[in-house]
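Two complexes, one shared chain (chain A), two partners (chain B, chain C).
For the complex of A and B:
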């Protein structure tokens, strides 16, 4: 473990920016809301003092909407491809739950050899994770083995010791190289620092709301009865918020905007929308909201996730809980599932 | 450079000919800019700029030359396709999906309901050219106005048996009347060894599968071609997921034994 303070971190960020790297880090939007944003100068980011960003940083790689083709500009009837621009980037301050989310999206893409913007963007990314000292009420990463500190997938991970002072954990070869390069801005951690880290971690774990029903509910996923889905379906407002805020949701739709001249765009979709499962001829594979919720909960929690992705695809970030206006969220679902 | 078909990048294809097949159903014979080899049961994504893209199975057999798509007017993209004329252009990408197993290992029983006859037509004409099989084909539709390929199917004799049936006949109809399983019960013998290939509306699947099981087929020898409205066709967009499978890459053809628990596809 190395030790670094926030001033040194800003210097390193400055060096990244000077080299032409794009840096994405949390920025305060006001009213206590934080979001990942492109940082233009090293004073702009803030990585501690809040639990997590409103949206997971997956949108840096998987844009909410993006143009994949243009038509009617050169030749009639042909959609020309638009290639995504790829920056050499640094992702600073990503939380362990969202990092695990990115790794799960990687695994999802790795099943097939598809040429997609996400995959291209994801390649050149230096990840500096920030281990969480303080959970929110809705956080349950301790139950899904995805936090409050990351165990994989980072180049560096910062562990707060006190405000503005972090232990820096190197997690990759690239991370080692860069740590060597900036060695004069860091020092070696002492035994006392490591003891303090252990104490901090214990304290953090103690702050999580106890949710014994989460693991029990996940174990029962196959047995959950239709009445549970119906009950939650009746409460669901079909807003799609759970999908849009989810660090592992990847579904998208494609549409042409414009008639004779326009663009083919790819944009986030939600399995909670009626149109998601619609087929030709007014058929719908999932005509009721209960079956759509079942589709979503199984996508995240079914046992086949472990076979294919090595784990369930919920990372416990809790965003779908606080955004759900109908209280039809995964927390209530797992409570019900645990009673099955 | 080899084109990566695992992306949204489409080729251009010219519509060479359009044929009226049945009420609201036309066949489009298209020639892509590059030759696109495919297997019966695979599908392509067709697009019209400014309207959108949708998946369509190929109705022609690989040896038949032009790619033939038999398309029912039912939504935005298909309505726009129906307005096109010969000589106009389409976007095309594919082929996608697994296709049908091509060796029936005995008797081949092909069952197509409505527009579901399109993908099994590809298989039927492929099998007729490739081998010497005992072959049954049941082609069902709502009414005589909706039956597909009748003129192409009636010339076969010998070991190829074709049964046309409609739910409601009219006075000019010379063939069977009743849902497709009625004809299957009536004509299809017990099958010791063979493969069944089924495509049709979800409501047809369960009844057809039951009849096939009664006739001696094993669950793993009954193949169903499923429909889903995929947006990517290479396993990413998510729309065609069923459990841990994706209709676009793991299907669209599945043995019944693999999907019998997925109720939404077998309404």
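For the complex of A and C:
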């Protein structure tokens, strides 16, 4: 473990920016709101003092909406692809739950041989994770084995010791190289630092709301009765927010916007919409909201996920809990599932 | 770059960030800390970037030549409009010109457009779509309480012991307020829904009463009667804070509960249960929307709800009140700033000489004294009294009742100017079309349903040559000889807070690092006033006023030829005339076509199966659409959303107006349903 302070981190960020890398990091938008976005100078980022950004950083790679082509009749049959920009990226301050989400999206798209903008953007990304010191009361990554500190997928991981001072954990060969390069901005951690880290971690774990029903609920997923889905279905008002904010959701739709002239747009879709699973002739294999919720919970939690991805595809970030405009969130579902 | 602004759809006023990349908005997300939405958005809010970036966004001014529109420069079109307006004013007088503002535009746009009508042109013929949604709220609540706005705030719902929701499909139309109600219920608040349709909130309510459309006064009077009978009223509150109680009590002496049960279709036992639930609560809040207001009895429906709150002392404290959910993002602001024919900003009567004198001095020009015409009156006297109309951000060709007549009347104008972000159905009839900037392309403020004035921020440039509404109006006014020399909307807001008392102290500086301030602003509390009427009502006497209200049947009752009651409304995935949502692929996929909801019993007797094409006709027109069979609607009643031009529900509705607020009867129309 190495030790680094925030000023040194800003210097390193400045060096990244100077050599033409794009840096994505959390930024304070005002009034307590934070967003993960591209920063132009090293003073802009703030990685601690808040739990997480509202949008998961997956949005950097998998855009809410993006133009993938243009067409036009008048312009002599205009028909062209729009390529995503490929940048040398640094992702600074990503939370463990969101990092695990990225890894799951990687795994999902690795299974399909498609030339997705996501895949192209995801290449050449240096990841500096930030281990969470403080959960929100909607956080449950401890139950889904995806936090509060990351165990894989990072090049560096920062562990806060006190404000502005971090232990830096190297997680990859690339991470080792860069740590060597910036060695004069870091120092070696002492035994006392490591002891302090252990104490901090224990403290963090103690702050999580106890949710014994999560694991029990996941274990029961096959046995959950229709009445549970009906109950939740009555309380889902189809905003799509749970999908949009999920760090592991991958579904998208493609539509042509405009008639004589326009754009082909790829955008986030939600399996909670009735139209998502509607077939020709208005046939719908998931005709009611309960069956759509069942699909979503199974897509995240069912056993086949473990077989295919090595784990469930919920990382406990809690976003779908606070964004739910009804009363049909995963926490309530798992409570009910655990009672099955 | 992420720009904090306000969602442009409904009146809830969610705080959103627009993510700008290379000059385009390509993502939207909710604010986590905004006191209204706290990290949530509805499906419409999540889809905002689609319409902003749509290739059909209007980019250039257009002028009609024969049957075609051709591109023209701003100077050309503004000169033309100014010249034509002067000509018409000269020949027919200023009252031959009608102006429509827009509840989708900012406070600054709207303040300027009514000033343009009154000061530049010299007419009070200025109105907007609040006429079609909450005109009766403004009229009714001013009668009872002296102020036409939501009495309490969104954050207070969890403090209510009972929430009575009537005539509001909250989960679909104000989804983020539904979130507050659902969470309140989890915290122990009881929820009661009274509605002809079994809405999503009705499904999870503690008590649901289904009544026939148009019989609101009957069930509310039944509640009042039971409260008096069982002495559940708040004697102390009535004595100290209200007047006219005796009159109300007298009027209910001979009221028959059995009759009310018969006419509403609600069993007497449920009327009693509902009454007790509401009246026994320590804090009870009433939430309502179009189901109450869009009736010929709209004003008195609202007054009746106010009676209910006054009788039980449920107003003037936290977690109570009478809470109209405003439809459009800025319908509260457009109303506050007097895009209404009978008042000047802050609801000051235009026929009051003292008020006129004050504004004449402020604006340096004589204010016309006679109240102007309403939306529906202007349109129906088009080609006669009205020779020119200037329509900013509205689409009456789909939104107004009896649209065959609307189309014919607008076609008879000497000049029709339409200013919008898309070339709408109404624009097709225009002589001049002016492309406007959307909410994301201009600065200003919106006022949400709980009176929260919030900053709208420019995130991107408007497409093509489109311009902000306030700027277009100012340019036109300058040409007509009444100078409007503003360089930024903040200067207009500054003028607003000087002339309009309830906005006093609300400036751009105040709103800069803030999620908005609820009027009236006392200069101290960070978020302004949470609830109104705490110590005094805003009436002349300072007391809440009871009104005796008699039941008024709807103008069209079902008969042999037209045996069904049609009620209109909206889907949660389309917005009004669909100018924005029908260009949004995921919303359009979710609600792609018009449908009529019909009860299984009725469908059975008509031989209609789910998904069949049916013809629905009224005395004014007919449409063909898909049948959707649902037990959520009572026998004898059908429901049609009004968004779809291919099967426009407003071809069927009639021109019947509430005599006080002039709101049309959009909720009860006698129709016939046949299989195609």
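In this text, the second predicted complex is superposed on the first by the 333 of 340 C-alpha atoms of A that agree within 3 Å, B and C clash if a C-alpha of one lies under 4 Å from a C-alpha of the other, contacts with A are read in each partner's own complex, and residues count from 1 in each chain.
Keep in mind that, in the parts below, contacts are C-beta pairs under 8 Å (C-beta built on N, C-alpha and C of every residue); 3 or more make two chains touch, one makes a residue touch a chain.
All figures in this text were calculated on a predicted structure; none of them were measured in a lab.
Touch criterion met: A:271 reaches chain B, while chain C stays clear of it.
When the shared chain is aligned, chain B comes close enough to touch A:304, but chain C does not.
Legend: residue contacts after superposition of the two complexes on their common chain; A:111 is shown touching chain B, with no touch to chain C. Of the two partner chains placed around the shared chain by superposition, chain B and chain C are both touched by A:253.
Of the two partner chains, neither chain B nor chain C is touched by A:226.
In the superposed model, A:237 lies in contact with chain C only, and not with chain B.
In the overlay built on the shared chain, the residue A:35 is in contact with chain C alone; chain B does not reach it. Once the two complexes are laid over each other on the shared chain, residue contacts for A:262 go to chain B and to chain C alike. Note: residues 253, 255, 258, 261-262, 269, 278 of chain A belong to the chain B contact set and to the chain C contact set alike, using the contact criterion stated above.
Across the complex, chain B is touched by residues 68-69, 71-72, 76-79, 81, 108-109, 111-116, 250-256, 258-262, 264, 266, 269, 271, 276-281, 283, 285-286, 291, 295, 298-299, 302, 304-305, 307-308 of chain A. Residues of chain C that touch chain A in their complex: 1-2, 4, 17, 19, 26-34, 38-43, 45-46, 49-50, 53-56, 171-172, 175-176, 178-179, 182-183, 186, 200, 203-204, 513-515, 572, 583, 585-586, 589-590, 592, 611. Contact residues on chain B toward chain A in their complex (touch as defined above): 4, 6-10, 12, 47, 49-54, 72, 74-75, 78, 88-91, 201-202, 227-229, 231-232, 234-239, 241, 243-244, 249, 264-265.
Across the complex, chain C is touched by residues 27, 29-35, 37, 54-55, 59, 63-66, 234-235, 237-241, 244, 253, 255, 257-258, 261-263, 265, 267, 269-270, 273-275, 278, 282, 319, 322-327 of chain A.
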